[in-house]
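Note that the chains take the letters A, B and C in the order they are written out, and that residue 1 is the start of every chain.
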């Protein structure tokens, strides 16, 4: 019997080998496997050339194989070993060239000599190979055979959309991306954690809010999705999370929405402060993922990010070192449970108002110790504090922050007070 | 000739022996003695069973005597020695029982072995005795005679109300409670200090505001009073203070209203910062007296608390150690004078506006040194600062905070500027 | 070829010897020499007795000579050596008197024995001499000859006004004063720096805003000027600076407007934080120059002050030690360039709004590196940050503060984005 964390990790292992990019069969295969868990996932194809705001859906890219053979006939770079070896969106090539010419197509990291860097060139036609600096150093002059069996042609951009209706059409938005080849924290952690959040949401007996969950390629995917849906989203989305870098177990990170104080931000901070008070807090200036689109002027969605180690802030970022060993069942589950708590807080939030003036007489309802002594006054403190701030002006979440208790401690108390008709929802 | 502090202390000595509770003759006798100083104090009786919001006025409780006699025939607990020995609202009992049964009715404090705890059971019928742990320890098995000559029956809840009309019907509210038996800081200090504040107010030649001063039992008394008066109070009260724990001389304490920034809060902070800057600042979350009712949702009165050692925050609290030796003339007078300064600030506050554009020429009015030199610029600084901020947008109190001077330093200057027609009240 | 700082210093040297006061020929001569550089400077005369708000234009004062001769026949105080020797606005006197009587008319500084203090008596008729304490100490009893050849009579108050029209009638206001006799930092630095700012503004090919620049006597001059112009100024002035104490090179100082958050304040803080982050920050409570009038209730202009060593805060203030050696080309130029940057920021400010939803595709416009790698994401950070906050809700200046870059770094980027039609001014 696997733990939840192990189940998420297992999905990451399963999806890891697929060579994803912003378009192509790698995305389709990834979505197909996710759809096995989320049968109503709807897969959309947007044709090459489709105008999306300032952008155009690019050619679709697919790749079958790629290698470099050195003057001694040894295959020194091999796409079959790591799909990171090829610059993303490389044009096809099949040629012999000397080292000097080849060098202009090689990418390595002198400071991280054992890491293959992750490099892409979506919008300018290029080809290239990425390799470790340790691989590159010993290369000697001579004739190299270079082959990239790729294809750039009209096709489509593929994304998945998972809609869960709730009691109202106001919705919570989750976004993650499926365009990174074989890397772990950034990025298989996002789609895997999101898949399990979607499963949990699908299993709820009732949902206060509707949910819109998208599995998209980064940047061009979110822009494409927004260009088709932003008006409805601006009307409906009350909170959203961009789910990325949720797999390692080194830290927790928070990056605000541009507006900084949306419901998504307040929930994220409430959960992190109560569960992982040592979390790292970033500024919107340190953004770098799809919040750039969701929070852009004119879009202005309330989308915040909760991460483990943030993109750009850990040494293995965008290299082959960000592999399955960097993420862990514990790391994935930690992010999953924080995000789950956020969703639970949003679902449980309401605007409570005490129904009677002055404190109610809790004693006659069995809610208060009947013998008053030096210590007993503290016993029902939380219940009284909740009532004291239930003035119909602030939400349960805001009260939780004000009285310094986690929201999940207040929810059952609030339920009991509502059941006793001492409190009601005036939201 | 007694000092003011000694006079307040003497009243505390006089009222100390009376056995008060939330109802009964102890409250009546206390109010009768206060009425000797405040002849127009009006005493109200509210019958048992009267509905007050979520509460009902309970039976009236009176007690004549109570004791426990040990197997050796010695009276080991005696109500005549301390009225704290009997649990408040104890039902009558007259029985013989063994130690084991008696133990279930005894209350003592192992951590404070020489203190009789103060225990009550207003809303569940019980009887019990409180004793020091030192008294309790040597008790040996055997037959004990137990007697409580008390009475719980239909009667009424008694409170006192003192109304002083002013130039407007906007009013300042003072509340204190008269339900505690023989204890000093919490609580004879409150009614004693409040009596002297009321005397001072009654002696004023004119009052800008009306004053509503109540002497009530805690909790049920404030709820009862509010249920009869809250609509008028919500319309009229501009600031209020709950006066409790104002007798010892260890510290000053401030507890805000729920809204935190009412006139009462701003005045309290202004006075304490200027007179006792080392005061303790509490949060509304640490409340515990009648501010719980006055600031409750739907009531929302601007009531703050200024205390010496706050309830629950000093070791003698709610025990027999909180006696007349804990409070002092200096302690009582310190609280009295801070509260008096608050009332004086409220009375003197207005919205000043400079009547001329630019700085006025103070020199021609004899308000400015005529010889300008290196130092003279500072001499009329406070007057100029007052004028500089007298823009008709903020009150004298707000200006005092802004320019960093106590309000009582600004009041005579403001009077002079008004007399010179350089300033006027636009409030 | 002189540097800008040397040119400003040279003007200070030229104006230094003139004996200025709040009225009289010294002001006229100073303005005449400034008019040589600013030909369209308009010189106004306001007659003695003119009512200006609470004030009246005083008699005009002129002085030709003054001295004290000691019992030995030596001229021990001589106006020709320093015009600070005579109390400003001294009535004429020509008499013999003993030391005791003379002493009542002498002003010196025991703590600064080598400094002549600067003393005036504008609104009470007096005469007096200022001298160093070293000069005063050896005076011995005997008959002293005392002569002040001055004149107090109906005349006028003189000020200069320099108006530069811009594209709108919204204007930036600069004020400096020309009433101090021979002193350097306070005050020849102000008119000299202001003259060069005016020259720079006059040379601009186009100005977004109009400019109103006044050279006035302090206090009575600003009050007089406001009484004639405040309604128009309240309608038009968007930001202003009181220019005083801008000549030494010890520090930079900022004193806010009374409102504290006007455009003038925000620009001043932006420039100082980015260029001289160690600047001294004062409160409006520490004001002392014409901001007292410009920010007074009813006038309420957005006028802040940027200074080098602030009036009243350096030891030489208002003494003969504040001479040409205290100021320097570097000191004057430092203040000049900070004020110039403020004017440039105001001129360049606008309300940018991104024209496309989501991030624009910078690559296709040559604004973005086409090869995405680990470092390239940071390369266009500032441009992206500017676009990310260009929501039509805040000015370029506010965005500069938000993204932590100096405004002058954003201006060319904003221009390029506007040229690419990716941004427009919606202000």
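Rule of thumb we're sticking to: a contact is a pair of C-beta atoms (placed from the backbone, for glycine too) under 8 Å apart; a residue touches a chain by one contact, two chains touch by 3 or more.
Small disclaimer: the values here were computed from a predicted structure and weren't measured.
Superposing the C-alpha atoms of subunit B onto those of subunit C requires a rotation of 120 degrees, given to the nearest 5. At the subunit A-subunit C interface, residue numbers used by both copies make up under half of all numbers present, so the two copies contact each other through mostly different positions. Averaged C-alpha coordinates give centres for subunit A and subunit C that are 55 Å from one another. Shared interface positions of subunit A, i.e. residues touching 2 or more other chains, are not present. Considering their complex, residues 353-354, 356-361, 363-364, 370-374, 377, 384-385, 387-392, 403-404 of subunit B touch subunit C. Of all residues in subunit C, only 53-55, 107, 109, 117-124, 126, 219, 222-223, 226-227, 230, 258, 284-285, 287-288, 292-293, 295-300, 312, 317-319 touch subunit B in the complex they form.
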